[in-house]
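Structure provided below as structure tokens; questions to follow.
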Amino acid sequence: MTVVGDISAEAGRQAERPLRPVVNVSDLPSVVYGSRVVTWWGTVGFMAAEAATLSACVASYYYVLRNFESWPPLRTALPDLFIPTISLIVLILALVPTYLFARAAKRFDKRATVRWMWVAVVMMFIATGLRLMEFGALNVRWDANAYASVAWAVVFAHFTLLLADTLETLLFTVIMQRRDPARYYPGVAEDAFYSYFMVAVWIPCYVTVYLVPRWV
Amino acid sequence: MTWAGSIFDTAGTPAARIARLAWFLIIVSGVTYLLVLVATGIAMRRARARRTQGELADTRPETANRLTRNVAIATIATTLILLGYVTATALTGKAIAWPLNAQRPLTIEVTGHQWWWQFRYRDSVPSNWLTTSNELHIPVGRPVRVILLSNDVIHSFWIPELHGKQDLIPGHRNTTWIQADRPGVWKAHCAEFCGHQHAKMLFDVVAESPAKFDQWYIRQLASALPPTDSATKRGHDVFVQRTCIMCHSINGTEAGSNVGPELTHIASRPSIAAGSLPNTRVNLARWILNPQLIKPGVRMPPNALSPADMNALLDYLETLK
Amino acid sequence: MSATSFYRHCCRVAAVGTLLLGFACKREERRFTATYPSAPAYAAVTLDTLQPGVPSPELTVNSPAEGNAYDIAQGKLLFAQWNCTGCHSHGGGGMGPPLMDNEWIYGSSPENIVATIVEGRPNGMPSFRNRITANQLWQLAAYVRSLAGLEAKGPSPGRNDEMQYKVDEQRTPFRTPRASSSRNVPAKSERP
Amino acid sequence: MSAQPQPAERAVEPDPNSPASLHARLEQVWRNGPGLWGWLTSVNHKSIALRSIITAFTFFGIAGIEAALMRVQLARPENSFIGPDLYNQLFTTHGSAMMFLFAVPMVQSVALYFVPIMIGTRNVAFPRLNAFGYWTYLIGGVLLFSGLFTNTGPDQGWFSYVPLAGPGFSPGKRVDIWAQMITFTEIAAIVAAIEVIVTVFKQRAPGMSLNRVPPFVWAMVVMSFMVLVAMPYVATASAMLAMDRLIATQFFNYTEGGDALLWQHLFWFFGHPEVYIIFIPGLGMVSAIVATFSRRPVFGYTAVVLSLVAIGFLSFGLWVHHMFATPLPQTGESFFTAASAMIAIPTGVTIFCWIATIWSGRPRFDTPMLYVIGFIALFTIGGLSGLLLASVPVDLQITDTDFLPGHIHYVLLGGMVFPLFGALHYWFPKVTGRMMSERLGKVSFWLLFVGVNVTFFPQLLLGIAGMPRRVYTYLADTGWGGLNLTSSIGAGLIALGILLLVVNIARSLAAGPAAGADPWGGETLEWAISSPAPDYNFAYIPIVHGRSALWADTGDLDAVAGLREDRREVLQTTMLDAVPDSRHEHPDPTIVPLLTALAVGVGLIWGIFDPIGFDVGAVLMFIALAAWGWPQKTKPNSHEIVEVPNDRRR
């Protein structure tokens, strides 16, 4: 094997550097919680991307708001408050079973985890149904004017988050029901962590779409 | 340095101030660039010497401190250069703004269409408003406020000899101003990509003395004279009875559509087809017969005219001084 | 999975790919210098299928602007710029009959529409003979058909940058055209 | 109550007879499947990254041919080689392909290939997500070029300003194809960014604390954070544009309250960080090459890393310098002049540090080092011409002229492509086990260096001469013919240089001299393993004792044993000081990422023609994601050691 170039002593080497094991890590845990596990960081990464998407929609909302003298524009009705507020309340309430199943998951208590997960899944599906009705509560078609488009954009952007979280919780519930792998408890806790984010990020959007037209 | 048509061949105060700032920045950048190259060169030569003498990399603490000092000096120098750069920019920015004490400013409203320009001279007397296309006359010495509107997509109004460019954005009312300090004839290009014929969306700029400008203005205000002899009469009939009337208008005749550029004084213009073709009889004939061969994608369709009709039409159009 | 076998995969995929892409998409062609069928082609078009004796074969002229996105968009621009909206008001009808519905008094095929534009029609439709070039006639006909949803959805135009007055042509549902005579338009009182 | 099952037996002690049998066992576990199925189901970070690099280079070639065609058209005034319609498609797909299909995916693929082996781990953090990212990127690239080859290539410019790109003035499906390509590449970019960040935070070799992470890895992490924040903005903007064109939303319709400038703000808020996303990895590659070829660690490690982070933050604050010619308030614009000037300071610091490294080093000017010198020479012209563009008054004269393509190409070719070609010569031995020829390398470098200058310096002059950009032709009496011809000749030189580079690669692949594990004597961990690196990278995870991992001592490297050898397991360490924290089992090769990418592909491409496509795509995607999340069949003797939350070990 010929070696190319002016490689003086301390420059290049042919063979790979031998590795001498000095530490044994076979006793390290393989199921850990919170920010020690890799998927937690992955969830935070996706949260950052989704938060950026939502901030783009909300920023566009306020940018377009600047173009109008009256907001919502003339001959456009104000969005209702009843359905959206109910939907917000259900979403916030859905955090209660979510917190409970996260706590149960940390205690490896399978029965409690699965019980509270089903409650959380049902409440989230109710919230998803209410969100679909919310589109009607906007009282305007998406193609009426720019106000309608950005309002729909904000609500739809968050709807994708809500739907994704609901289906993910459903998936984890079905998995937890059928088998009891210890390594799925951190996954369940992370799903709860994502639900907290999903609900928290909806509150500024709710204020933007439903309350700002009343204040401006 | 008057490199024809470049941003240094200036004929107005704003462009001159910008050119001066540009020169300042180019020189500063050039010097900085040379310094960086020199530093790299020295570094390479100095270090190559170390290789030939077989020494190892010099990571002694005192060299590290010396290098830290050099890098710190270079960074502070960069910061100072940038500070000078930002202040020079701010000063020039103030200098090229609209002069508040402008006397007798002329206001021109520019509307961009897909691939031609429409100028409306908003005289103080509304009945004297003049609408022309693809040719901009301005009096020397008078500040001209330019209002920029667009009818379809984003274009950009830019006369390098007079001032920087400003975009014509639909839904926005953008403004800029120009002032010619010496007479001249220049060609201006649309500077924002606007579709198939962005490349040939030009207009002529004629800066002339105020007297000549007023003469031109009065002549442009006048309507077209009715045709006298039979050839131009037939040309007039071809114009108003064939496809031309659907898009073009000539004041003083029945043609009044503002879809395309108005042609009341087409013969007085130095160029046709939005400034991209010299205004000669041959070019006009080629252009009318099939504009797609000259500017593919332009909105004007090919027109099948018999040679007799074509010659009559050309005679008529040449009377529209 | 050595690098060379990976290259073999790439070449195989690329070969299949180029086979598929051989055809140029006619919908998106920008034909600037093409010449469209001129006057005599649509002059001889009959507007009714009823004929004494054995009906002679229907003369069909396939319009080059059919299903071409650029031509339909040009037609939409001309429809607005030449003030067809003055009577047909963006397709909803006013003085002129509505163009968005599936009622066609003088035929819905491109050559029928071109004949209507060139000949003009009683009750106010002006004749544009010699006023509109052949290319533009077929473009206008293609746009009028897209108003009623008779053009393919892909090339049909979307909304334009104006106040929103109707659903854009891309989302207008297709309805099979129905011949109707101008006389049996229901009296004002019976209209829904 | 903590389930603490005792492991049946201790991990198998390292097989006494030889590392070869350990290699055989690990290779058995970490290998890709055989043949095409193995290729489609691979989750190994090196196979996916190499595949992505080759795909990105293919798109670079195609976009390069487009550039050559454009230069032939512009060589003479009133040239009729290409008509305006094809020319507009060419320059739009050239710009879009170079930005979205070559630059960002290439730097992320280089990151996904070298970051794991530089920080001493066996695979990237989320292997299946990595595969999904590549397939989504591939679908986006194929979509754009299938559009171009069927005459439906986008023709509205790579930043697609709205009224022209809107439904009113862009008939047909050309702009929709562009908008969906953006969505595909943006998904792939965010996914890759998350992987790089999490890999560097959680899977560094023990001992590699944050201040011992190589500058190359720091550059990739900063780039990934910028992708995470910037890309969603272009995704939202392109989704808004697609909805404007498909279901008549009014985001950009000024008569209904929308605004054309909304698109420009959203796009350039992503657009400017995008060019820094492309340029910062170039800085990372340069610092890796300079350190090795100057035979000393990079001078001012802290200064370089802090500058990279500063560039990352500052790049989000100067997007309006793309919009000086629009009716924005004057004072606002001068703020952005100051911000644009400020970002030149950290960039300057990094370049000064590298010059200092060369100054005090013992540099050997092989091809990679030549490319670094080329980087310093070309990028500085790009940066300084950028300063001209950042000053509002001068920008009003030279923006949207040919000055801008000149500036862009000096910054991107000088700032990213030259470091990339240097990195290609530097890491080619590690990827393929063979050396590239120095002679051919130097010739292609000089061809490229002269070619870039001969092509793009005339464009700077043309900009000053007043030639607008994106023109398919220009009049003869403008006097721009000479400079354009020079530029076209330069483009020929560049094409020659690229051709020679490809010849060099092909020749070296076929018959290059064997390179061995560490031909250049590098300081980072990837030079400790054999080349081409085995699928599992490190038999034992090495322990790092200093900033230059391999230069600290020349003896055996300390390492960590105990990871399972009968299934894919990776060591995870704490974020700050990389203390071993837990073991994580990685998934086996699976087809699900490809299916999920196809589901997303079906959804988005059908969505171009009919809004129902998005719903069908969403349903398919959720089904695929359910399969993704479904637990794989439990392997024999799988017993996890479970950590009860309150027993935290920092």
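Each chain carries a letter (A, B, C and D) given by its place in the written order, and its residues are counted from 1.
Here, a contact is a pair of C-beta atoms (placed from the backbone, for glycine too) under 8 Å apart; a residue touches a chain by one contact, two chains touch by 3 or more.
It should be emphasised that the depicted structure is a prediction, and the values quoted were computed from it without experimental measurement.
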item	value
B-D or B-C, whichever has more C-beta pairs in contact	B-D
CA centroid of chain B to CA centroid of chain D, Å	38
Geometric centre distance via CA averages, chain B-chain A, whole Å	50
Gap in Å, rounded to a whole number, between the CA centres of chain C and chain B	38
CA centroid of chain A to CA centroid of chain C, Å	47
Residue list for chain C, restricted to those that touch at least two other chains	30, 32, 159, 161, 164
Contacts with two or more other chains, residues of chain A listed in rising order	10, 143-145
Of all residues in chain D, the ones touching two or more other chains	83, 85, 163, 168-169, 247-248, 250, 253-256, 259, 295, 364
Contacting chain pairs - touch in the sense defined above	A-C, A-D, B-C, B-D, C-D
Partner chain B, residues of chain C touching it in the complex	30, 32-33, 35, 38, 74, 77, 81-82, 130-133, 135-136, 161
Sites on chain B touched by chain D in the complex	3-8, 15, 17-19, 21-22, 25-26, 29, 32-33, 36-37, 39-40, 42-44, 46-48, 50-51, 55-59, 63-64, 67-68, 70-71, 74-75, 78-79, 82, 85-86, 88-90, 92-93, 96-97, 114, 150, 152-154, 156, 158, 160, 163-167, 169-175, 187, 189-200, 202, 276, 296-297
Residue numbers on chain C that touch chain D, as the complex places them	1, 3, 6, 9-10, 17-18, 20-21, 23-25, 27-30, 32, 69-70, 72-73, 153-155, 157-164, 167-168, 170-171
Complex interface listing, chain D residues touching chain B	83-85, 88, 156-157, 161-164, 168-169, 254-255, 259-261, 294-297, 299-300, 303, 325-327, 330, 334, 337-338, 341-342, 344-345, 348-349, 351-353, 355-356, 358-365, 373, 376-377, 380-381, 384-385, 387-388, 391-401, 464-475, 478-479
Complex contact set, residues of chain D against chain A	1-3, 7, 10-11, 14, 19, 125-126, 129, 190, 193-194, 197-198, 201-203, 206, 228-233, 235-237, 240, 243, 247-251, 253, 256-259, 262, 265-266, 295, 364, 366, 435, 438, 513-521, 528-530, 538-540, 542-543, 550, 554, 556-564, 569, 571-572, 574-575, 580-585, 622, 625-626, 629-631, 634, 640-643, 645, 648
